[in-house]
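In the two complexes below, chain A is the common chain; its partner is chain B in one and chain C in the other.
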Partner chain A sequence: MSEVTIPQPTRPWQRKRADTTRSAVSIGLVGFISFVIVLFTGFAGVDGWAVTVFLVSVLLIIIRGRKLSAKERGNAKIQLFITAAALLAFAPWISIFGSVLVKGIVGLKLNFVTSDMRTTVPDDELNMGGALHAMLGSMMMVLMATAITLPLGILSGVYLTEIKGRFTFLVRFVIQSMSGVPSIVAGLFVFTTYVSATHGPTAFGGSLALGILMLPTVARTSEEVLKLVPDDLRSASLALGARQWRTTLMVVLPTVRSGLITAAILGVARVIGETAPLLLTAGSSTAFGFNPIKGPIASLPIYVFGMLQIGTEYAVNRAWTGALVLMLAVFALFFTARKLGGKDKR
Partner chain B sequence: MHVVHSRGDKVFRGIVTAGALTSLVILGLIGSFLFARGAQVFSQYGLKFITGTNWSSSMEEGIPSEFGMGPMLVGTIIVSAIALLFAVPMSIAGALYIEFYATGRVRKMLSGLLDLAAAIPSLIFGLWGIQIFTNFGQRWASFLGNRLGFVPIFNTISDNYGRSPFVAGCVLASMVVPITTSVAREVYSRTPRELIDTCYALGGSKWGAIKTVVLPFGKSGVVGGAMLGLGRALGETVAVYLVLNLNFRYTFRILESEGGNVASLIATRFGESSSEELTALVAAGFVLFLLTLSVNMVASAIVAKTTRS
Partner chain C sequence: MSNSSAVLDTPEQAFAGLETRDAHAWFGKHHALSGVSLRFPAKSVTGLIGPSGCGKSTYLRLLNRMHEFIPNSAMAGEVLLHGDDIYGESVDPAAIRLKVGMVFQKPNPFPAMTIRENVISGLKLAHIKIDNEDDLVEKCLNRAGLWKEVKDRLDASGGSLSGGQQQRLCIARSLAVEPEVLLMDEPCSALDPGSTLRIEETIKELAEKITVVIVTHNMQQASRVSDYCAFFLSDGGPGVLVEADQTRKMFTNPTDTRTADYVQGKFG
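For the complex of A and B:
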């Protein structure tokens, strides 16, 4: 009897040890050669390094790829190009997050969130003055804008998912194109219709402009979450004898309550950093005013913008700190929206 | 689902329809009010308002003001074109990388980063652009200028490369990339899995599959995404205002430290304008509104068409 050999399963998809070592050696080699080149030529800075590493990698792929088939070699080259371009695309955002954090944290002292600029000039030391008035102003305008926009946005969503009347296509199309209205045009519109007809820039004017920019986001998100309501719920309610209005108000909308809050939050995140429309409609001030229809009001974006225009060292520091607070606010809103949005789907 | 409508339902449907149509009303109001306020300028200057080369407001008697937004329209197009030139290839690569090359944790991290980047306010892009990126942009611009200076558009008079349309275009590109990348990614992820697998089964490489299946499949979606990005770039105010050295005359030298766009013209001149100039600015806003609206409408039609099926 001949011996029976039991074939051992091979795992061709698993990386071999030699492969891992080889790629580690390649990376090390690229790093070393790039280091030498950067050392001996004038290529300095992050961008110089990036270009050098890229060129050396291309070279190495060509040299080491001689043994490979043409197909594999081409694949490796393309992968390198795509990775490099993708890195180039993502690099600015990482640079932005990093620089806002590093430069903004310098001025992030307690007084930044507890005092305003009434008795401080931008050139004063960073332990004086702050942006409390700007934060309150932003909050006030955003809340008013939400109060105006949220009902309209939800109505649009309800129209698109519950009523589905003959304007469905038109409404969806208008909302879509409205999201492309430049923010300065929204500001200009509110200026010509409201601000110039009344007493100049006010918080209410600012919130009108923000509302225009917010509406598309709120409407679209509302539609998305209302779509998630199962039809069984609607049918069950109708079968129990409820009319459509009761079904919508007492079954459909309560089901997606947290989703609708998400819509509002995403809308706020969309407009909280808007600067251009507020330049035209809300103006700026050094202290917080409680009357929304009288007098200009400060906001965080305008605070940052104004400080940057002044341009002296401490003023620019204040601008970075304002930007940090703004970015943290946007991220906080964004993560809250994500947490809430995940809830409805379950 | 057939529903018998009671009186309550009719009222309800009426209210909801009215609410849904407010966005249409608002959009119509924006267009008509801006047009009405700017009409005087359009009738006074006619086509010269678009093609005119000079924007000057005179405060004295006898010297007529002149409002021509030609240079700013050209500036808008130049800056946006530079932005798209960089943004589109990077977005395609970024989308392909997230969708087909990155795995596991890296992929999750990158798509989170992409969502966050789309939420960064343009003000922060502007702040970063003028304070951080200008250093790099200036170096790249001078690199280009020194080698390609004989080509007219790369020619410069001064040796000052910072705050040029090139640098502003790069900053706008980093603002456009999140939009375009997420649309491209969305479209690429809808490529039928069987088609890609067929490609592998026939012995194709990953790049082969991408080239023959994924890219052709997602072509119109990417075009739509790029146009959405273009809409944002055309109407951008603060980032351009902060980065560019604003100057309201014709310039085709993209490396020279001067330029502007329509939105930044409005933001700059607004504060100190006479009522006559204000009307002209409103008219300029109307032109910008029409421009971005039409770009955006086409873009959303394309995106809606490609992501529906």
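For the complex of A and C:
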């Protein structure tokens, strides 16, 4: 090869990084104006600050935008509108997570996740007792509910998209109406059919109630992702002489593995915070019991509910910490789902 | 390996205003195209030929800024339209694509639109006022050689047409915005021989008014339809432009032995 100078790859279509000094000046300006407004008007507190900063930023961007050409301004307007709408949609989430974090972090000590309430009363200092039993209880019930629901949900998805049998309409209708069932009704159903007929609230009873709530979510999500499998793939497999069930098992389902994992995670996220059905079916306890068909069991939502009902200072602290742990668990779940789900995408 | 800088030397033909200077393209770390300099002659068909993976489609997509839609893609060099770099800082890529249209490998009429709506969709999407819609639709479909077949069912869905008709509908759609240059990325590779022939006739008629750049795998097609040819080749590294000249000369008396081997079907 002769000496040919190869230029550096460039990406002229990417917008240039904004000038750092300019953006620093902008941020400073926003901060200063917001400070003045907060100083001289009634706005105060976190929410007041947030609203002020938001409005001032939008105003400043609009003023800046007057320099642009008409066409660029049109684009910038829409971009600004969409960004602002996205931030607004984000605001309640920030607010909820912020308050749970601030109030819950007080009680988040090591003993909270390593001990239970066997020898502690809710009014004890926060360095005693914890919610280990509730975390384990939630985990056990959700796992059992998933074990029951996931195969059923995926199979009904397969029935609706692959088999397309005579009852397609009926199955779809039932699944859709099930997703509208209030959670307390699911609890009542399990209470009358299982709990009251056996020995009272148990972990298995709880997971049955949660399963009823999970099923429509899992089934519908499975159906949606299975619909996305291109018919070419099915044809290719069938043309190789494969039977339909082999095609489904070895070609269709593996293709949407990440989607099915998402279905499971969405189902779990749907029920992990459910309180009402567990009040009737799982009850509550101060320690974790390993036998799922014997004795009541604690769960994080019920733990939060119970502590709030007691209402004393330390008990309420425990409730907030429980809520924080519950939220973190949900985040961890979604994060894992993303990691697992992303694997088979290139 | 020399730095390829073939110029289509065409004193008898006007220059189309579209040229590249030392154009490079990357996909991530992969250097796909290296140092292509080419000036396109106006009102003619230029065929980009070469074996798979030689960068000819990549080069085509550089010409109307479609390259940048591929994640992690990058480029270097200049693509000039009437002397202005289309990758310049203040350039609106949408305006460039209005002047340099594109027809894709697979026919892609908008399925939710009728035939008529498909033809005028480019103008609607770009907010351009239409004076006489019926005339425009007829004119564009005529130029694409589709008018006679669809004039009685302009309100049928674009998807109801055959593959070849769909591709001609796509050509009509590109023509409606009156581009100066029409880029075609293997427009016939998904079509049957009959439809291919129709499209080739259309391309030749189009070249009376606009500049057409067509990527093709098919050597016979290049010799049938193009006035000029540019031969791209990759020896495992990035694709380079080996030679560009009048099609007649490229097929009968090419300068480079690699071109001779390729056009005679010794490889590729």
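One rule holds in what follows: the second predicted complex is superposed on the first by the 240 of 346 C-alpha atoms of A that agree within 3 Å, B and C clash if a C-alpha of one lies under 4 Å from a C-alpha of the other, contacts with A are read in each partner's own complex, and residues count from 1 in each chain.
We take it that a contact is a pair of C-beta atoms (placed from the backbone, for glycine too) under 8 Å apart; a residue touches a chain by one contact, two chains touch by 3 or more.
Every value quoted in this text rests on a predicted model; they were computed, and no experiment measured them.
Colleague: After lining up the shared chain so the two structures overlap, which partner does A:50 touch, if you call chain B first and chain C second: first, second, both or neither?
Modeller: In the superposition, A:50 touches no partner, neither chain B nor chain C.
Colleague: Which partner does A:71 contact after superposing on A: first (chain B), second (chain C), both, neither?
Modeller: both
Colleague: Who does A:242 touch here: chain B (first), chain C (second), both, or neither?
Modeller: Once the two structures are laid over each other on A, A:242 reaches no partner at all.
Colleague: Which touches a greater number of chain A residues, chain B or chain C?
Modeller: B
Colleague: Considering only the touch criterion stated at the top, classify A:7 as touching first (chain B), second (chain C), both, or neither.
Modeller: second
Colleague: Taking the superposition as given, does A:179 touch the first partner, chain B, the second, chain C, both, or neither?
Modeller: A:179 sits against chain B, while chain C stays out of touch.
Colleague: Just checking: does A:328 make contact with chain B only, chain C only, both, or neither of them? Give me first, second, both or neither.
Modeller: After superposing on A, A:328 lies clear of both chain B and chain C.
Colleague: So which positions on chain A get touched by both chain B and chain C?
Modeller: Touching chain B in the first complex and chain C in the second, residues 71 of chain A appear in both lists.
Colleague: Quick one: which bits of chain A touch chain B in the complex? Just the residue numbers, please.
Modeller: Touch residues, chain A against chain B: 45-47, 71-72, 74-75, 78-79, 81-86, 88-90, 92-96, 99-100, 103, 151-152, 154-156, 158-160, 162-163, 165, 167, 170-171, 173-186, 188-189, 192-193, 212, 215-216, 219, 231, 234-235, 238, 243-246, 248, 269-270, 272-276, 279-280, 301, 304-305, 308, 316, 319-320, 323, 326-327, 330-331, 334.
Colleague: What part of chain B is in contact with chain A in the complex they form?
Modeller: The contact residues of chain B facing chain A are 1, 3, 5-6, 8-9, 11-13, 15-24, 26-27, 29-30, 33-34, 37, 89-94, 96-98, 101, 110, 113, 115-117, 119-125, 127-128, 130-133, 136, 139-140, 174, 177-178, 181, 205-208, 228, 231-232, 234-238, 242, 263, 266-267, 270, 281-282, 285, 288-289, 292-293, 295-297, 299-301, 304.
Colleague: Spell out the residues on chain C that touch chain A in their complex, using ranges where they run on.
Modeller: Residue positions touching the partner: 1-3, 22, 24, 26, 31, 34-35, 65, 68, 73-77, 87-89, 92-93.
Colleague: Would you mind writing out the residues of chain A in touch with chain C in their complex?
Modeller: By the definition above, chain A touches chain C via 1-2, 4, 6-13, 16, 71.
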